[in-house]
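Letters A, B and C mark the chains as written, and numbering starts fresh at 1 in each.
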């Protein structure tokens, strides 16, 4: 039997996820996903049209771990970092064990020289479930960017 | 008899409101207001001085509906969109059935070419009540912008 | 015996603090600290290296009050204001009566001509306790800025 999941847990998952990126603890980032998951970055235009193609795509946690290794080799954190600011998740019930939510985000990019720019805005469209230990994880996270030109600089996950 | 209203409901109202604008579901935006309401956009300077004049003004829900129709004809969403990020409401008790709160906001504007700019910052000064069905709605929302030059580009409600 | 402190209280403290700055009620800003406190602004690089030096430093509430008086004489609010947007605090238990949390922030600066810029991003690393009246206050607030060039314009507390 599933215990009920409340908003506070969804908020905590979202902020833990953002912190793993912002605090340069990327190795812990894949842990926020189920082993069998979907992670996709796309644009609002493509999302509205139902296009499957995305700026980044992974459908297992292993692919996310590979991505982190590549980023470490490429040393992108030497060049820039992010700071996420999140809205409050809008949680909706879903069929079966999964729950769904949408959460607004704004990501500020910090360059090595200290320049701050609004790098991306959008919403996370998520499906979550509890893993075997009862911890909430993403079975699906679609990052829908408002701005369509975000790909040119995309390196660190959003 | 009124049931008590908690912070979670005020948060939900605020985020639902922002989502109706950000997700281009403007037709649902007037539903967040009481039929007999006040909606006003002003600047921090004018608000501090007690000036009534504002950058936008409506005192019925019907006026808000008219505004949405005008925006659809003008097709402003083809040209830009917004993304709101909200603070936590500071709720204070009020006389009678209404409750009051203040909520910080930052609005990012997304142009068609993908340019992101901080468009407006400020606070919502709100009065809320429950409508006949028990749903929380704004009887008054005063949008107090920190920046005094916001009017030049003002088209979509904040 | 201490009563237990919940997330809602930490959220409220954080937002009250930010509001005292954003709403130009700086005289109330020292009240968010214990009399014997630590307030320090530093950069992520220096914080990671364990450097004690900071862009701003105070270790009593009286020093914070002095700082506010200086700011009023310098009239910095005539020249710019801030708007804070905060993440959800990540609260961790601590030894003794104190509790600890980390909270992401983004600060937008508003110039007199209406220009809005992302001035600073980072995280607050906090220790909090209840004062004699049971109110939660900061015994320690370290402001860790992501951007290393923030000092050039630093005037109002973050």
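The definition used in the following text is that a contact is a pair of C-beta atoms (placed from the backbone, for glycine too) under 8 Å apart; a residue touches a chain by one contact, two chains touch by 3 or more.
Because the structure is a prediction, the values reported are computed rather than measured.
In summary, the pair chain A and chain C forms a contact in which the copies contribute largely different residue numbers, shared numbers making up under half of all those used.
Simply put, chain A must spin 120° to overlay its Cα atoms on chain B, rounded in steps of 5.
Rounded to whole angstrom units, the spacing between the C-alpha centres of chain A and chain C is 28.
Among all residues of chain A, those that touch two or more other chains are 85, 106, 117-118. Put simply, chain B touches chain C in their complex at residues 7, 44, 85, 87-88, 90, 102, 104, 106, 117-123, 146-150. Residues of chain C that touch chain B in their complex: 8, 11-12, 15-16, 18-19, 22-23, 81, 83-86, 106, 108, 110, 113-118.
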